[in-house]
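In the two complexes that follow, subunit A is the common piece, with subunit B as its partner first and subunit C second.
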Partner chain A sequence: MIYNTGIIFSWISFSLLIILFFNKKNLYTEILVRVNLFIQVLLFCLLEVGLFLNDFSLSYIANFSAKSTPPLYKFASLWGSLDGSILLWNLCLSLFMYFYLKFYKDPSSNIDVKIFTLIMIFFVGYTVFSSSPFAGCIELATVGCSSSTILPFADLVTSNIGRGPNPLLQNHPLMAIHPPMLYIGYVGMTMPFVAATSRLYSKKEDSNSWIEVAEKTTYIPWLFLTIGITLGAAWSYEVLGWGGYWAWDPVENVSFIPWLLATAFLHSSKIQKTQNTLLNWNYILVGLMFLSTIFGTFITRSGVLISVHAFSNGNIGTYLLFGMLLFGLIFIVIGSRNIEYFSKSKKIDNWFGKSGFFVYNNIFLFSSALVVFIGTIFPLIYETLYSRQITVGRAYYDILVGPLLLILLGLMIFSVKLSIRNLNIRKWLNEYIILLNTALIVTIFSLFLLNNSYSLIITVSFSFILIFITVNNLYKNFRVPKGNSSYWTGQIAHLGIGIFALGIILNVSQSYSTEKELSSFEEFNFNNETYFVYDAIEESLPEKNVIKLPISDTEHTKYTSLNIFKNSSQQAISSPAVFRSIINDIYITVKFIDEDSYKLIVRNNYGVLIMWIGLLITSLSFLPRLRKNEV
Partner chain B sequence: MKKNLIIVLLGVGLIVYASTVIASRNTIYYYTTSETEDIEITTNERIKLGGFVVEGSISKDGGYTVFTITDGNKEIDILFDGFIPELFQENMGVILDGVLDNNIFFADDMLVKHDNEYVSSDGETYDVKSYSK
Partner chain C sequence: MKSRYITFALIIIILLMPLLFPSSESRLETWSKALLCPVCQGETIYDSPSEYADDMRSILEKQIDDGLTDSEINEFWVNRYGERIITNPITNNLEILLLPLSIVLIFISIFIRKLYVKK
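So, the complex of A and B:
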């Protein structure tokens, strides 16, 4: 039932999109876009219904869900693996298409509908021709399904329990929201791409209208990317038990690349709007943003790289490469038709004023994106050339990205009240002299408490200066509201980044760990606090067995646990016990459990909560945009 | 415009060059156990070694976990001192991080492969038995 309906409606959606692409009448456009959105919502609900009804005649449900899977993770199983996640992708894409055409449609031309539709055809086409989450199971595996069909009305076989989602994906609720956030971020980058290509294709005199639309539509996916990346890092920290939050894993990298590019574009589009410069550069950025999201999906989903995240295989790789080529070509062709327009771009006239600083900002953000990109594809190229598998060590990113981000932090200090004319350092110093001194004093005091290093001193002082100046500025202007909303957005985002930078440098430079060997009912000392270890408790839940080890400090009892999932791949996940405070976390994981003796890894992780707070503030930067109904 | 283009291209070229150089100095190689025979590995060079945990080979020695891994053709003894992220067990595919010395691999980091199958370099597939406690 779900199988036939799902496949047939996928086909209908695909045909509608084809009609939409060739359709000439405006009247039908709106209806078709709505119907398409409706079908995508329907397909999404249909698969959810299947998941909750345990319809194991669907290969996807048999392989990535199980009867014993708890409801939240059943719901999240829809995007737990490739085929289902494309369904979510399509839903987001049709939502954005509806949204874009409602608010930003170019009234004089239909080309934006066509480009958007083409992109949609590409992704819906995958579920129609290659592999669909509604594929029916025609051959059973020991558990789950081994062979399936994407044609309707076949005779299906039904497995009886289902394999269940990847254990990693069903151990923490964050996993249920982190991927959709990233998807919205990825998919949303389609909007600026459509804005740029369609409005430049129709070549009008006021061609700069594209930049406004592109800027507005970039902010939304940027926000979701920020939230998605933050949640991913938080998930990694809370669940994976390795004490860290970011590993420069290829899949983390590919979410970071579009974020860096979008951040660059959000800045450089501002000076195009006011000073008509960097036209060609902005166009390139928009294109790269969009292509980098497809590249990201390619890396995540094609299994070309060895990575904790590389979940799946199949022919999606070639399909996505083809997509990148196709959209890249459209992008280049439209760009080359506008050479004349781009040549009207004004020169940057002052390198020490607003435009200059925005150019520096772009140089460093773009360089970071490039460095991360090269680090990500380097193993691929290396393997092609020398047929050896390698990974790029963490040191690569520490050497290259660290300093770039530090420079950006430094630049941000001047972002407040940056005049279009040249920045007058003396006047600037005079204005902020009290704040600067306070910041430096705070820095010096906090450095007394910390293990020092060169980068630490610079980062801490930069962060404090940035935080003080933005807070001061926000406070002063809050009482006398003025300025436009994007200015406020910027200040809040910068404040968040300043706090985040403080957190991350504390974390990197101050954290340390130790190992403790103990038996049940023993206590140990760590960081001037006494911790007491109880006896391990075994718990059996429908989907997993949990071995919990209670540990308490003077006030709380927390559990560090090993989660062993049934009827799925035989893997256990160790969850940490975290004693939190603003400055540092005591983070305890089990290394060994042997009868009633334990080997624990005890970490003192600094700054983690500060990092989350910083990123939260950065995410709140959308608040000023709500004013005046600006989207 | 042309001048700008040249500057941008030069800049991009410079970054690409610098990144490539630094990346190639920070590579970590992946080996399967039999590959270690064919390729010369200098002592102290950090590598990643992939293989299957041999049944009945796991023991504890002081703070270390000692076990043997294989890709079906060659076995290598592992001296592991590090955080075991997942409950580690026999017959499981692992990727270890460390240094090889005299056919003993000193590892301090472990990644457990998520899939149920391990494909060795000769293309043969080895199934991992299901979890039992």
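So, the complex of A and C:
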């Protein structure tokens, strides 16, 4: 039932999109976009219903959900693997299409709907022709389903348990929020691409209307991408029990690249709006933002790289490469038709004025994106050239991206007050000298408490100066209606990044760990605090066995646990007991349990809460935009 | 005006801090952060709680106690597991630094020269 309905509705959706592509009447466009959204919502709900009814005649449900899966993770199983996540992708895309039509449509031409529809056809086409989450199971494996069909009305076979989701995906509620947030951010990058290409295609190049729409439509996905990446880092920290939050894993990298590019674009678009410069560069950025999302999906879903996230392989690789070529070509053709317009781009006048600083910002953000990109694909290139495998790990990124981001942090200090004319450093010093000195004194005092290194002192000084100057500015001027909401969006985002930088450098430079071997009812000392270990409690849930070990400090009792999932032969997942404070977390994971002796890893992680607070503030940067109803 | 001298003095003090209070990362820490755990997905043996990583760490500890040089340790692990094991590609492959750096430099020079400097 769900199988037939799902496949038929995917087909209907595909055909409607084809009609939409060739349609010329505005009324039909309005109707078709809404109908398309409705069908995508329907398909989403249909698969959810299937998941909750345990309809194991669907190959996807048999393979990625199980009877014993708890409801929340059943819900999240929809995007737990490739085919289902494309369904979520399509839902986001149709939502954005509706949103775009309603708020940002070019009233004089239909080309933006056409480009948007083409992108949508591409992704819906995948579920129709290649691999659908509604595919019916025609051959059973020992557990789950081994062979499936995407044609309707076939005779299906049903298994009765289901394989269940990847254990990593059913261990923490954040898993239900993190992927959709990222998807909204990722898919949203389609909007600026459509805005730029369509408006330049119809060649009304006298105005900068495309940049305004592109800027507005970039901010929303940027925000969701920020939230999505933050939640992913938090999930990694809370669930994986390795004490970290970011591993420069390929999948993390490909979510970071569009973020860097979008951040660059959010800055450079401002310069184009006010000074009519960087026209060509902005166009390139918009294109790369969109293409990098498809590239990211390609890297992570085609199985070319090994990663914690690469849990699903399919034949989507070539399909996505084809898509990248197609959309890249559209982008280049439309760009080359507008060479004349781009050549009108003004040159930069003042290299130490507003435009100069924004150019530096773009250079460093883009370089960071490039470095991350090269690091991500380098193992592939290397293997092709030398047929040997290498790993590009943290050291590469620390050496190359670290300094670039540090320079950006330094540049942010000047963002409080930039004028079009060149910065007068003497005047600047006169204005901020008291704040500057206070920040430096605070830095010195905090350095006495820390393990010093040059990367630490520079980051801490920059962060404190940035935080002091920005807070002072917010306190003094925020209430004055300056009529420039995007300025305040930037200031709040910068403040958040300043706090975040402080947290991350503390974490990287100060954290340490040790191992303890203990028996039940023993205590140990760590970081001037006594911890007491109780006896382990065993718990058997339908989907997993949990061994919980209560540990208490003087005030709280927390549990660290080993989760052994019944559907997986992988090693047990160790969840941490975290005793939090602003400055540092005591993060305890159990390594193994032998009768009543335990081996614990005890970490002292600095700055984690500061990082989350910083990123939260950055995520709240949308607030000033609400003030003037300027979304 | 005087406050500017204060700023200058403060900056000097901050720059001296790492020399006065040096940090200490043990060789074991540095090396365990550089070695990949072959049975885990993309984790170093410093991060991984697996027993395999444990065994590797104890071998590493012994090597460092025995006073092996960095290149000897490197050779041992690379011979055993291949270049993949070293997460810091810079020690083995300098081209990985040169490639991005040169691209970034080329990019910056094009960006500034051709597009935005007034003739």
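Rule of thumb we're sticking to: the second predicted complex is superposed on the first by the 623 of 631 C-alpha atoms of A that agree within 3 Å, B and C clash if a C-alpha of one lies under 4 Å from a C-alpha of the other, contacts with A are read in each partner's own complex, and residues count from 1 in each chain.
The rule is short, and it goes like this: contacts are C-beta pairs under 8 Å (C-beta built on N, C-alpha and C of every residue); 3 or more make two chains touch, one makes a residue touch a chain.
From a predicted model like this one, the values you see are computed outputs, not experimental measurements.
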item	value
Combined model on subunit A: subunit C and subunit B, fit or clash	clash
Which superposed partner A:Thr391 touches (first subunit B, second subunit C, both, neither)	both
Touched partner set for A:Glu30, first subunit B, second subunit C, both or neither	neither
First, second, both or neither for A:Gly241, with subunit B first and subunit C second	both
Contacts of A:Ile564 with subunit B and subunit C, given as first, second, both or neither	first
Comparison of subunit B and subunit C by subunit A residues contacted	C
Which of subunit B and subunit C A:Leu429 touches, first, second, both or neither	second
Touching partner for A:Ser343 - first (subunit B), second (subunit C), both, neither	first
First, second, both or neither for A:Asn166, with subunit B first and subunit C second	first
Partner chain(s) touched by A:Glu522 [first = subunit B, second = subunit C, both, neither]	neither
Which superposed partner A:Leu447 touches (first subunit B, second subunit C, both, neither)	second
Touching both subunit B and subunit C, residues of subunit A	241-242, 280, 306, 308, 345, 363, 367, 370-371, 374-375, 378, 382, 388-396, 399-400, 571, 574, 589, 591-592, 601
Of subunit B, residues touching subunit A in the complex	1, 11-12, 15-16, 18-20, 22-24, 26-30, 46, 48, 60, 63, 65, 83-87, 89, 92, 95, 111-112, 114-116, 128-131, 133
Parts of subunit A lying in touch with subunit B, wherever the complex brings them together	166, 168, 240-242, 280, 306, 308, 311, 342-343, 345, 363, 367, 370-371, 374-375, 378-379, 382, 388-396, 399-400, 515, 517, 545, 562, 564, 569-574, 589, 591-592, 594, 599, 601
Touching residues on subunit A, where the partner in the complex is subunit C	241-244, 247, 249, 277-278, 280-281, 306-308, 345, 347-349, 359, 363, 366-367, 370-371, 374-375, 378, 382, 388-396, 399-400, 429, 433-434, 436-437, 440-441, 443-444, 447-448, 451-454, 456-457, 461, 509, 571, 574, 589, 591-592, 601
Contact footprint of subunit A on subunit C as seen in their complex	3-4, 6-7, 10-11, 13-15, 17-18, 20-24, 33-34, 36, 41-44, 47-51, 54, 82-90, 92-93, 96-97, 99-101, 103-104, 107-108, 111-112, 115-118
